[in-house]
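Per-chain residue numbering starts at 1, and chain names A, B and C are given in the order in which the chains are listed.
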Amino acid sequence: MGDLTRLTAADLGALIASGEASAVEVTQAHLDRIGKVDESIHAYLHVDTEGALTAAAAVDSARKIGSPLGPLAGVPLALKDVLTQEGIPTTCGSKILEGWRPPYDSTVVRKLRAAGVVILGKANMDEFAMGSSTENSAYGPTRNPWDLDRIPGGSSGGSSAAVAAFTAPLAIGTDTGGSIRQPAAVCGIVGAKPTYGGVSRYGLVAFSSSLDQAGPFARTVLDAALLHEAIAGHDPLDSTSIDAAVPPVVAAARQADVRGMRIGVVRELSGEGYQSGVETRFAEAVELLNSLGAEVVEVSCPNFDYAMAAYYLIAPSEASSNLARFDAMRYGLRVGDDGTAGVEEVMSRTRAAGFGPEVKRRIILGTYALSAGYYDAYYGSAQKVRTLISRDFDAAFAQVDVLVSPTAPTTAFPIGDKVDDPLAMYLQDLCTIPSNLAGNCAMSVPVGLAPEDGLPVGLQIMAPAMADDRLYRVGAALETALRERTGQLLIEGAPPL
Amino acid sequence: MAITRDEVAHLARLARLDLDEAELAQMAGQLDAILGAVARVSEVASDDVPPTSHAVPLTNVLREDVVAPCLTPEQALSGAPAAQDGRFRVPRILGEEP
Amino acid sequence: MTALVPYEQALEAYEPVIGLEVHVELGTNSKMFCGCPTEFGAEPNTQVCPTCLGLPGSLPVANKKAIESIIRLGLALNCSIAPWCRFARKNYFYPDMPKDFQISQYDEPICVEGYLDVEVEGKTYRIGIERVHLEEDTGKSLHVGGATGRIHGASHSLVDYNRAGIPLVEVVTKPVPGTGALAPEVAKAYVTELRDICKTLGISDVKMEQGSLRCDANVSIAPRGATEWGTRSETKNVNSLRSVERAVRHEISRQAGVLDAGGRVVQETRHFQEDSGTTVSGRSKETAEDYRYFPEPDLVPLAPSADWIEELRAALPELPTARRRRLQGDWDLTDLDMEALINAGALDSVEETVAAGASAEAARKWWLGEIARRANEDGVEVSALPITPADVAAVVALVDAGSLNDKLARQVIEGVLAGEGTPEQVVASRGLAVVSDTGALGTAVDAAIAANEGIAEKIRGGKVQAVGALVGAVMKETRGQADAATVKALILEKLGVSE
């Protein structure tokens, strides 16, 4: 049967359902590979060997007694360490939560369990999802399987690296400003941010509540769609969850046909600051879509120029409030409780010791933006920009079915390159942020390697809220065409570890 | 308008972050640079533009007044840095409730 | 510390302005944003879940019943209901606040611009309601290691989050000027009225002693004739109706003392001390806390439809004011009689006594008289005494039937209050019954006439008013169990005199 870790999730699911491979076998193959290569990648913060094998065995037993298995039953997955899983350490990449084992499952985890998905462990991330490189993890950086000296993207860098390193066929990430799409792009895999409200946030440790959304990583568009479908849907525990049918993403991925679609290229998401190889591969992919029967037009979204500024006010503001609860009282780290120190001192010392520099920076920034006297100029104005960006999207989607752009302006940069320059780091999210602000859905699909550095380039597809199926239709069409051209998925050409 | 060290110290106090002098100074500089970059939101945020606080067009999402299962006290206290008599033990409270 | 100025003297020089903030815990089955129960007195941390414990990843979902309750209260307080509003986060760190922010409402409360009319000494005061909003309660801390269980001097605290997340309605009045010397009474009347409305609506058990109704009283004073109001203090922990009155009274005297001594009133939080009836200084509010309010992103806006609001309005019960007006008419009482009844807290009791068959007049007489006197002596509400409206109705029935006179009836009530059983049981066990047997009475009358021949002669001679002495003698003989009017008639008859 060959190496089980090289197969797609769809194929693994089929093998397990038919009994040609057992879930335990599949799980063990991935655990073995983690043992072999994760030391050099550091995608995982915690590997739940026992729990994974138990879950896999349960799938095998279910099959034996003839219970119907879903398409992902027995398929292994890496879970970003920002989602709670009962009894399993959840750190959010932060020292402040070291050792915390949540007493409850997130809705995403509950749905994964129901689908029979085997959770291998918790994936590394930038602390509290703040970052674009996973260098902000308190537990050390994750490395890009294409080049171990480079970043795997972030904040879901552990998730993207696990999938790209073949230590998991699937992973869950979260995307607040691009944290699924940018790591997918720089690791040469598929990543999708569902429509805000499409996937429950219950149990997702909040960074920026109005922007956060969990979504799938996979090596193929169909695999991503299968995972998307497994975790999406209305959840009464999340007030912002949309009570509507999940868009038909799997059918769309199988359809893989862009004939008759109108595709808009966003004029503002190109030019200065974009690596030339990124622009080259992007232009070729757009050309390919055109050749596949899509009508391609240029579209202008003038307010996208203000998206990053708005994002770096809204996200830190919400974060400053969301992260207040890490106060040493009910869970997590406590520093300085010597019996005489007052509660305020213990809180302040704990937070100073437990949070890393980027988290502190954003908490201070958010605290400032929400302060009396500054609120209107900063937070209030940012919320208005949000309206303008939504209007730009509305106008664009009146003309086209989807919008496209590069996912990130550059390929994976070397570890350490931007750690001292927060603003340079923030530019990584230039193209991805508008969809978060508007609550739309978007996806990154690999479209080739940049000629100058041989690293993966991603193309971003953006669609209106609850039109997630369009992402999968376009993404799958592109993937199929590129695969026909090269004979394999881009990630299959990554250097062996 | 540059952000001063004292302003950062005030923000740090509000945010319960015990920053040292070096951090305060570094943070002041970085905050200045970031605010310089993000302040441009005001260029387009005119009075006639309504703000958006939520990315979903939902209202009135309510639950029925029905009791659901709780955590056990053991689960509730499982992560507590310190507990005593079924309660969370916390350091002495010097300031009064706001 | 500056000396207090006697209240009357303070009022000669200064004019008070009051304002009240009342927090009411709603009596929903589950908490505001999660499904945990709200029962009072449970073992610590047994009514918590990820949401009300503020665990990472948890999310709030608003309780529909709580929203309906506050809209109903807003309607009862003559407020406008916002067609669209949001919850907001109020950010501050405190150990009893699980998320270190409180979900509350800021510049978009659900109910705004209402009023409540209260009557004090026959005059109506209209209290403007600025806003009524919904928020979540905090946990409760036990302070350990100090001498008194107070926060100061404690070595550490123990937190129970059972109360955290219970829906809390905050009702904020506008500043109320023009109450003069009656400021304390108006404050008390307002809180009483608000409490009765909440009770009538069935939205809260409004037990001040359990903290389900909590009041902060804002007081400022300014020299009479001044065009600007003074600086206000905000007194917390005013946890009984009587305390509302005492706290306002004390603050007026205290602030007058400060101003008379040439000082200035500090804007601050003060704490009411139940034992001494005084207030002590808390935190200064001169440097305003920066709560960094912003719209709660985890909760979508609230947009109650006009239909929903009208449906709730149509289903409102009869409110206390309307009920009082109706009862006053039914019972044919003067305004002052009615106010006395209300002040004695005897309205429900009288209504139930009337419902049990007594006349309004008799019911009012007993509840306001004998029973109110006892309640006053014991420092409790009449409803807390061990006598029921049915008991009082039974006493009234016995009087109406001529089996008891007023004096005996008082003894029966005394017996019921002493736990001796129902009125009938007290009558039997104490042997209390009017002697109406004219044969037995006749013997007593004859004896009295014989023993007081001089007086009898005067009566026969036309000095009818002297009959009182003979009546007294007969009553004494029968140990009060005769009906005085009957005795008098019998004496006059025997003496052959007509009145």
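Keep in mind that, in the parts below, a residue touches a chain if its C-beta (ideal position, glycine included) is under 8 Å from a C-beta of that chain, and two chains touch if they have at least 3 such contacts.
Since this is a predicted model, take the numbers as computed values, not measurements.
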item: Closest chain to the centre of mass proxy, which here is the mean CA position; value: B
item: Chain located farthest away, centre of chain A as origin (C-alpha); value: C
item: Whole-Å gap between the CA centroids of chain B and chain C; value: 40
item: Whole-Å gap separating chain A and chain B, where each centre is the average of the chain's CA atoms; value: 24
item: Averaged-CA centre spacing for the pair chain C and chain A, given as whole angstrom; value: 58
item: Residue numbers of chain A (touch at least two other chains); value: 100, 102-104, 210, 236, 239-240, 320, 324, 327, 329-331, 343-344, 347, 367, 371
item: Junction residues of chain C, two or more chains touched; value: 50, 53, 61-62, 93, 95, 155-157, 159, 290, 292, 294, 297, 299-300
item: Chain B: positions in contact with at least two other chains; value: 14, 16, 53-54, 56, 58, 61, 63, 71, 76, 88, 90-93, 95
item: Chain B contact footprint on chain A (complex, rising order); value: 100-104, 196-197, 210-211, 236, 239-240, 242, 303, 306, 308-310, 312-313, 320, 324, 327-334, 337, 341-349, 351-352, 355, 360-361, 363-365, 367-368, 371, 377-378, 380-388, 390, 422-423, 436-439, 465
item: Residue ranges of chain B in contact with chain C within the complex; value: 14, 16, 53-54, 56, 58-73, 76-77, 84-93, 95-98
item: In the complex, chain B residues that touch chain A; value: 3, 7-8, 11-20, 23, 27, 30-31, 33-35, 37-46, 49-56, 58, 61, 63, 71, 75-76, 78-82, 88, 90-95
item: Contact set on chain C toward chain B in their complex; value: 28-30, 34-37, 43-50, 53, 61-67, 84, 86, 92-96, 138, 141-145, 151, 154-161, 269, 282-283, 289-292, 294-295, 297, 299-304
item: Chain A residues within the chain C interface of the complex; value: 83-84, 90, 92, 97, 100, 102-104, 106, 201-206, 208-210, 236-240, 317-318, 320-321, 324-327, 329-331, 339, 343-344, 347, 367, 370-372, 375, 379
